[in-house]
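Presented sequentially are two complexes of subunit A, the first with subunit B as partner and the second with subunit C.
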Partner chain A sequence: MNEKRHMGLRTLNRISNTTIYILLIIISIIWLLPFIFIVLQSFRVESTYQVGYVIPHEWGWQNYINLWNSDFKRWYLNTFIIALAAAVFITIIQLCMSYTLSRFRFKLRGPLMRFMLILGMFPGMLTMIILYRVLSDLGLTQANAVPGLILVSVASSGMGYYVSKGFFDTIPKSLDEAARVDGATRFQVLYKIILPLAKPIVIYTILTAFMGPWGDFVFARYVAFGTSSGYNVAVGMYSWLTNDQIARMYTTFCAGGVIVAVPVTILFLCLQKYYVEGVTGGAVKG
Partner chain B sequence: MKHYSDLEFLRLSKGQRIGYKIGSFFYGIPRAIAGLFIKLWNLLKAAGLTVVREIQDICATFVKGDWKTKISFVIMGFGSLARGQALRGLLFLLFEVVFIGYMVVAGGHWLSLLPSLGKLGPTSEYNLVLDTYTTVYHDNSFKILLYGVLTIFFIIAFIYTWRVNVKQNKISEQILRSGKKLKGSKDDLRSMVDENFHATLLALPMTGIMVFTVMPIVFMVLVAFTNYDGAHNGFSNNLFTWVGLDNFNTLLSWSAGSGGGQSYSATFGEILVWTLIWAFLATFTNYFLGMGVAMMINKKGIRLKKMWRTILVMTVAIPQFISLLYVGKMFARNGLINLSLMNLGWIKEPLPFWEDPTWARISVIVINIWVGIPYLMLITTGILMNIPADLYESARIDGANAWQQYRKITLPYMLFITGPYLLTSFTGNMNNFNVIYLLTGGAPTNPAASGAAGSVGYTDLLITWLFKITTGAESQYYLASVVGIMVFVVVALISLVVYNVLPSIKNEEDYQ
Partner chain C sequence: MASVKLTGVKKIYDNKVVAVHDFDLDIHDKEFVVFVGPSGCGKSTTLRMIAGLEDISEGTVEIDGEVVNDLQPKDRGIAMVFQNYALYPHMSVYDNIAFSLRLKKVPEDVVYEKVTNAAEVLGITDYLMRKPRALSGGQRQRVAIGRAMVRDSKVFLMDEPLSNLDAKLRNQMRAEIILLRQKLDTTFIYVTHDQTEAMTLGDRIVIMKDGFIMQVGTPTEVFEMPHNLFVAEFIGAPKMNIVKTNLLLENGKYYVTPFGAKIPVEGEKGRMLAEKNVQPQEILLGVRPEHIVLSEGGEHAIPCSLVVNEMMGSELHLHVDTADGSRLIVRIPTIDLDSAGRSELVAGHDLHITFEGKAMHFFDPGTEKNLLV
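Now for the complex of A and B:
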């Protein structure tokens, strides 16, 4: 009797595991297919528009050559510069902010955090109009959009301190206190004790800050509007899918997508461990 | 409404319990609102009291203080300088000189124009040199509003600094009276990396937030009370001016819009309802399906856990604009899906993924699931693994099946931990510009809403509508600003309600 019941459970378990495997395989296919399609279509030569089949009839590098001959190089460079600058400055600013709010108990801390919470409830898009006017007064729009975009994204990045604050909260405070008793200043505590421990979150912040600009679209388009040399990849490639260009540029868009996605994805996969740690550790605690 | 005690409540049937809970929720709303007003009133009262106390303190400091303190009321930092705190004194003095200089040179001018936002617009004047009529620009409403706001910020900062300066004198006097020594400039500098290290660290980020977030928000909120738009851009065509609450009237009025069709309030209501539905569905479909995928991968006996996760995580790395634009085009009328299905002979006509309102709405939600699940999978995986295993163990011994275990252990635990995340993700989805704009651009167009600014579509959220108003032909910035304020009000209300319900937000220190 007992044996039979045991067998029953095992078959049940096997059935449920098989179902899960099937589901996981279906899920993986659904999630990967669009990206496989995009790669295949970037090599399609016979038609530059959407077609009703996936595997190209004629293979070739024509779309990548088109890409090389377009403004894409400039857009790529623009985005890369923005991403690098963002990775450096946003990381510094966010770490300053989150470390302070996690570690120090000063009079204005509570009001400050509530204030930023309320600020975050305003749709950021609202401020686009005035930021554009201010940037254009400074001469940082259109062809000079790159420094303008860096300035704006870095300046308001302090608001996104939540994830790294969640991480700093998990480092025991007794470490700080021990060092303080030994006569270290607050600065020395940060520099010598916290920073080495905070490596995962530093890498997480650098990674997300670097990846952000590759998808930055609305404000970038607003700031560089109409001037191709100030575009980033998102804005530039969006223009290829507008009604008057899509028939000519669709496969070129696919090639561009591959060129943009491959380096970012490789970087991401290499640093995946830190990203997962950051997301699971910090994102939820808020 | 009758209030049940715990015991009475437990005696009710399941249906009655639900009815009672819903009833008491609605019954409690007036009290909650009243409570809000009482809180607000108490806050105001506390603020008033603080001001009175500060003024009393300032007067007392003046009356009791020595001559150095008294001079400091006019010449900031004099007291500090006279008592040997050179660095502090100089900074105070410098700030005062800069402030007065700015007010005389520019601040006063901007402030005086702020109530009118400029009197003289561009005029056509005879130019002797060129012998023609040329346009001469005078006041610039945009600059007046901008610099006016900045000047007010500056004045507030000055008042605050002045108050700190007075307080400094009082404290210094107390310290000297008790026979101790004052801190010198060297100590002040050292405190920047020690006791006051937080101020040093926050200086740069907060300056950025003040200039590039707070100031623009204040400015744009003020724009809601003006008639700033493409035809009144404040400089090259017409000045704009204060119009009071007119714009709020426009958005909330029931009369038909300018181009015929339905009223603004009807359009606004429709978009708001869809925005809320979208935010709700987008948040919870992602949440539960993501949790489901995570649980499948986590299940004991499933192999290659790392591979399944990596496959999903990879899609997080690919910039959203590529995946969204590509998938959006894939489902288009002449896109890959429709063409393939027609090639296979399964359908005769292309499926109206983006042409039919209902299809389009379902499509954006489904594609959003595709976008969101990997991220949710990551978040929930970590938490699921943290649930103490003995909970499940004892549940199994008590004979609970998998569904019961999920209902009674997993779900409550998850909801408790991820409560704050769910809230931010809900409000984030309300403002999820990218998914909607890159997939549909708001299409299909809603013909009934043609009277409203921008071409409103069935999948438009408030945020994409705001964008369309801003970039549309008439550039009705004032209306965009009103919509933005409305978004804020809705988000704030929802957050406020949820905040008071959620258990896990209440005590921040519990997590540390």
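Now for the complex of A and C:
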């Protein structure tokens, strides 16, 4: 009787697992299709315009060579500089902020955290016009968009403290205290004890900080308006999609899309283990 | 090696809660002092103020004659062992112990020598390359002690270091701490909520309650002459029986009259009552379970009925109810009873007990203070 029930449960389990896997495979294929499509288009050399088929008739590197000969290099470099600088500064600021809020008790700490939480709920778009004015007054628009965009990305980064603070909260305070008795300064406690233990969250912070500016379009377009040398890849490539350009640049645009995705994909594949740990870390670490 | 002096030390939290009130204590060089008390009595807070991990709201802490109120923990010449070990999980045992030395930029060969020496003393040489998570509780605690040892500090602070261990390991580590103390020959301040640890380890015990010091004394002093009811009940296991009764004075001799019996106060206690000229009055009488004996009956005897008999091996703990429903605990060495006597002692059995007159404690019902202090 018992064995029969056991068998029944096992079959049920197998059926539900199979269903879930089939569903996931279908979703993955749907999700992957645009990527495969773009990769295939980027190798199509028989025409530069949109066509009614997916597999190229003629394959070649011409679109990538076109990219190399265009402004794309500049845009790519701009984006890379912005994303890298943002990743470095945001990570430093955000981790210091999180450590402070997790470990120090000071007056108005609670209200400050709540204030930042509420402030963070307003869409960033609301600040666009005034930020543009400020950047414009500082001379950080158009050709100088790169430092301007770095400034904008980094400026409010301390407000994104929640995830890493949550993670730091799970690291026992007695470790800090033991290290302080052992002779460590607060800074040494942070980088010798806390950060090595919070590796997943550090990597999570770096990745998210890098990804933001890497894929930024709206603000970058606004700040660099009309000046190609200040564009990032998203804005630059968008300029190829205008009615008069698209016929010439469509496949080059697809090649650009592939190149943009490459570093992020590599970064993600290398660090995905930590990324998942980081996202779930605060919740499950005892 | 150093003395530690606390003068009027107070801890007031932001929400105005006072955790420690006017704490005055002089800890001598090489002394082993134990702070003991129930949860929330302020013992750990006091230790953490000495360590520099909590701000001192009022008063001063001196280590070796120097006021250390505003010094960082690292500059106070202290080492500390934490209740949860606080080992750095990402470092090996070796690196854990070497951490403080490396921060001081001690040459690596000296670090090696010190770490291996400490490991040898603590018997953890085989685990030096392991990570803390691969160690048992007892081994982790040893690493924590090793980490404190290599600092060559003046004062050794221990915050409930044995609380996370199981009973057997706790006894073993307690003995090891005594040996360690002999080897290190330095000043120890030890916090625990376990009165057995306090009694066995301390040269002096500081018993605390609600942020106040209740009594400071040697283990013998606090056991034999508790200054108040709290100390009397806190020290000793099972705890002291407290009975509300009257103290009588007849023909120059003191008597107590618990549960209708009339028991003379004998020996030194009787003499001390006379010396203090204590007047007949209502009192709280304290009698330790080991100072209650089974009796045959008579004027001294209190009739009662057995509720629970706990067999502890070398002794029996009898929980008995008197006629008015008061519960007393009696501790009888097993060796004092023959097998017939032992088999009689089942729940519901009626028996007579009496108190030993020379081992009683007398407390004022109002102030709860010992009448002989």
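As a working rule, the second predicted complex is superposed on the first by the 244 of 286 C-alpha atoms of A that agree within 3 Å, B and C clash if a C-alpha of one lies under 4 Å from a C-alpha of the other, contacts with A are read in each partner's own complex, and residues count from 1 in each chain.
Here is the rule we go by: a residue touches a chain if its C-beta (ideal position, glycine included) is under 8 Å from a C-beta of that chain, and two chains touch if they have at least 3 such contacts.
Values in this document were obtained by computation on a predicted structure and should not be read as measured data.
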{"item": "Which superposed partner A:Val260 touches (first subunit B, second subunit C, both, neither)", "value": "first"}
{"item": "Touched partner set for A:Asp169, first subunit B, second subunit C, both or neither", "value": "first"}
{"item": "Residues on subunit C engaged by subunit A in the complex (per definition of touch)", "value": "14, 51-53, 72-74, 78-80, 82-84, 86-90, 99-100, 103-104, 147, 151"}
{"item": "List of subunit A residues in touch with subunit C within their complex", "value": "105, 172, 174-175, 177-184, 188, 193, 196-197"}
{"item": "For the subunit A and subunit B complex, residues of the former touching the latter", "value": "13, 17, 20-21, 23-24, 27-28, 30-32, 34-35, 37-38, 49-54, 93-94, 96-97, 99-100, 104, 106, 116, 118-119, 121-131, 133-134, 151-152, 154-159, 166, 169-170, 173, 185-187, 190, 211, 214-215, 217-218, 222, 233-234, 237-238, 241, 246, 250, 253-254, 257, 260-261, 264-265, 267-269, 272, 275-276, 279-281, 283-286"}
{"item": "Subunit A-touching residues of subunit B, taken from the complex the two chains share", "value": "142, 146, 190, 193-195, 197-199, 201-202, 204-206, 208-209, 211-214, 216-217, 219-220, 223, 293, 296-297, 299, 301-302, 308, 310-323, 325-327, 329-330, 332, 334-336, 338-340, 342-343, 370, 373-375, 378-379, 381-383, 417-418, 420-421, 424, 427, 431, 433-434, 437-438, 462-463, 466-467, 470-471, 477, 480-481, 484, 487-488, 491-492, 495, 505, 511-512"}
